[in-house]
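Going in written order, the chains are labelled A, B, C and D, and every chain counts its residues from 1.
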């Protein structure tokens, strides 16, 4: 299905997460000729996930640029292009390959503006993927957003719905700073309402995906969907869970999170990165410090199991937090 | 001064942190012919920090291997060598250059044992540096141990004294797993007592560097020295601070940390990595959860300021936690 | 060299992959399957020149490398199906099969990711005073990865016993190699003073001959070599890659299948020289099919690892 | 070309670095100082062939590149001293000077780290339809970094207007380049089909001529070039590197200083051809010295950034 046809679709439409990403890119590329896409198999192939299908046909190979398998190289090229007038959107097929581009992302893109005393800017986006249970094993299943969230100078985005994906990607492309944008592979086919009209979602503004009063579940990316399912289970048991989605880990909207916990006095943090030294640690620490006088129970953290992701389906499924695990943690905290 | 002369020195001797590292390497290389050193300027130059001086003279260029400026390449070579019978000790001159070797460290070294179902092992050590205030600016001053602490399959070591450096490096070299060993550049000339006799310090065993009863300061690497100075200041004011040094972030000795906080009911965590999504978050979260019923005040975190490290000395000095900052945080928590 | 036996090895890989294809399409196998079909002569030709204690590193398209180095069919299938009897207890899967008893240091899902490992194994062999040789198999897409140049440089400087075997099947996933590779591929190795040899990757005898020379050179301590094997994958990038007309033509595929298939090429040669009869091939095929079927049956019946395995082997 | 004026530029860098050396040794400057002394003809020769709106990327040994691209002495000194009047408000320092008004995209403390940036600037120039050219200066040590090969490949594939200028000063820090570089350096670029030219980096006229050709080629859309400039650093790797006998001989240093110094070489040529008199050189030197001294005085008097600056410019 071509981008254009989607854009002229009915006012309130349901589209997939992948379509939302593609629309954001297409609309920004129409609006601003400086926006280019660069990465492996992004043109004719439209990426292995088919997220970019149709873009090369509309914008041509000069703006949708197929590269060799050179993550460090084309990320570096994007940094230089961003410093000199373009707005590159880099495609890193699997988040696991960020390992290859970390120097260009963390030592170059993140620091150029500061090192130059504010003279140079690096308005680029690195789009990449995260998420396990796709049977892709240890080197194609990681969620490494904690690494980039640790590096000052980068903004880090984790959309959890088609609506958020489109609105946040537009903000990312328009931002003057390097932004790392994580898409959970397992959500590409997730459908959701996305308006026709142009909109952008500001960074650093958490979204309460579901209001509740007994416990706060702070969740990121696909874990928001898990948290919402958990909230359903809990509701049936008379536990009202509030699901808060920070949407960006950098900047982090601590006030919305703390306001929620101030109300519920209980909190669980769920994220698909490895649990140890991961994103749940920062958010839990922020809650434990900021809501110290309100907490009736310790903050619980659920992350990916601290093991390389195993191939065997029966094992892999054990490594990612489930709605049932979130629900039972909630029951414990609520003393049920 | 040559390694041999040190080894025959008096039973209890004061040596520098750099000498302690060199002794551990020399003694392990004498003990086990499989141990080799590989990195840039490690042979005749003995590294820019002169930490390895004398080793090539004793062990020869076949075991102290100078490489091209290829962090990814020689780290990968070390992984393959470790899988086939050697025990390589990789030298990554500045911790900032870990960015270039992350794929080989996080996707290869850390995962080979698990991916192979336990058949292959990767007994290698990556020695690298951390620490700012050396006026080396944004790309030569970072402390990136949070990244590797996030990756299952790696062990992460942060010695804070010459004694610990020697004992922990021996354990690292003898370990069957990939170990990342961080040396704070600013501590190389720090002197401390180191016995003659062979000894090794187990991983996952925190060390109470100074006992106290009013507040616990968990500190890593050079921040242990900062915490100890803070404890001096506080003692003068009648506040008794206990300084706990985890020594390894992976594995993390949570029981010693929690036992201390259970006793003091107040805690500060100090680490030289960036504060956001850094090591202090994990340790603070562990304390907040594990000592929930004991804490009289929220856990405070002090890390490096969340900015690229500036060159200008007047600015750089503002980015690293100081004894005075630790002391004043302690005063607040103790209600002084 | 018993070329009929060699034919049997090509056939073993060919039929193994046929079954993988069916397992995948019938939903019995999950994940990704990058079939080696069409490239069999490269792995077999090279591994014929190796000893069991020589090392290889493999790629995401690695089934052929593992089998050519001597892996057994049943444990291969078991690994692909995530069963505990697999080479990696089901934890590695198709892209991470390792078999250290036969010097297979493992497949790798990072393009170019094993080039350091193969080079390091060569350094270790030299340091330990053995005459083992190390072979790094990689697709031409790995020319995009900087680490390959970093380690070729060190291998050349240190005259390490490593052989870089490039399987040029003309495509990096869905992109023609011509669009991703400037200059001549062999020059990428020659730039470091590494002797490069171009080989018809569909002719197992040619591959073997070239590998033989490179291996003796490496064993003799004369340093690394580079083999550029021209080959082709008969199927898609992975089993799911069905509609490929947008990146390569049916005619091109047809040409390679009909006139560049390593199996008929070797069979024809054997028949011409009366070293084998049609009956030999029938017998061989029946035998291999039976072998593969029982191996598959074994794997399908094998148990999954139990849940305790998930936290096992994170650390040694 | 006014070669006397060019001589003035060489001299400007030479005397600037003399002062940096003194500032450092007298404890007035902190951190690291990698002096460009001895290599001046490379930066000056190349930048003579560039327009102000052309791009360069620089290295840890970058003072010469900045000055040759037109940076002013006072703001250079101020940056090295961490003062707010520096090119980067004192936040970058010696290894990170950037001057975007003159197309200097910045020095880089990661060896090879700017090769992607320079190549990306070329891509951007092409995409924006300008005829700007981009120059990547790097030391031969960067041949160790894989990213250099990754981006040269893309530059060649896409015919980007980028020129890779290798300053081969024979050493990677304390290790001779011969111990870290297998094969011929120029072959590293030729492997990607990039034309490579070897140049006497001590002869500014030769460097300029080669750069001129590469620049016109790039402007004409004919793609990237590679210049291998043979040069030498007269001082240590950095100011602190005093005892160097273990890695290079006094004789070698003496030879380069006495017979391969780019300043006398150009001066001699000018005198021979009566394009300048000894008096001209005296006048020029007096003038440059005065200029450098007042610039240094300005910087020493300049204020440090105030503490609020530390959190400024993390984000735009």
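Just so we're on the same page, a contact is a pair of C-beta atoms (placed from the backbone, for glycine too) under 8 Å apart; a residue touches a chain by one contact, two chains touch by 3 or more.
Just so you know, these numbers come straight off a predicted model, no measurement behind them.
Peer 1: Report back the single chain whose CA centre is most distant from the CA centre of chain A.
Peer 2: D
Peer 1: When the centre of a chain is set as the mean of its C-alpha atoms, what distance in Å lies between chain A and chain C?
Peer 2: Centre separation, chain A to chain C: 36 Å.
Peer 1: Once you find the CA centre of chain A and the CA centre of chain B, what distance in Å lies between them?
Peer 2: Chain centroid spacing, chain A to chain B, equals 31 Å.
Peer 1: If you average the CA atoms of chain B and of chain C, how many Å lie between those two points?
Peer 2: Comparing mean C-alpha positions, chain C is 41 Å from chain B.
Peer 1: Using Cα averages as centroids, what's the distance between chain C and chain D in whole Å?
Peer 2: Distance between chain centres, rounded to whole Å: 46 Å.
Peer 1: Two or more other chains touching the same residue: where does that happen in chain B?
Peer 2: 67-68, 70, 72-73, 96-97, 100, 103, 107, 114-115, 137-139, 152-153, 306-308, 310, in rising order.
Peer 1: Note the residues in chain C that touch 2 or more other chains, in rising order.
Peer 2: Residues 88-92, 96, 108, 110, 113, 143-147, 150, 153-154, 157, 179-181, 314.
Peer 1: Based on which chains are in contact, what kind of graph results: line, ring, star, complete or other?
Peer 2: If you draw each chain as a dot and join those that touch, every dot ends up joined to every other.
Peer 1: Provide the residue numbers of chain C that touch chain A in the complex, in ascending order.
Peer 2: Residue positions touching the partner: 30-32, 82-83, 88-96, 108-113, 141-146, 172-175, 179-181, 246-247, 304-305, 307, 309-311, 314.
Peer 1: Tell me, which parts of chain B touch chain C in their complex?
Peer 2: Chain B residues touching chain C: 36, 62-63, 67-68, 70, 72-86, 88, 103-104, 107-108, 112-121, 123, 152-153, 155, 176-177.
Peer 1: Residues of chain C touching chain D in their complex?
Peer 2: Counting only chain C, the residues touching chain D are 143-150, 152-154, 156-157, 179-184, 187-188, 190-194.
Peer 1: Please name which positions on chain B make contact with chain A in the complex.
Peer 2: For this pair, the touching residues of chain B are 96-100, 102-103, 105-107, 110-111, 114-115, 137-139, 144, 146-147, 149-153, 249-250, 273-274, 276-282, 284-285, 288-290, 292, 295, 297-301, 306-308, 310.
Peer 1: Under the definition above, what is the set of chain D residues touching chain A in their complex?
Peer 2: Residues 55, 57, 86-92, 96, 98, 100, 105-106, 108, 110, 113, 115-125, 127-128, 134, 146-147, 150-151, 153-154, 157, 312-316 of chain D touch chain A in their complex.
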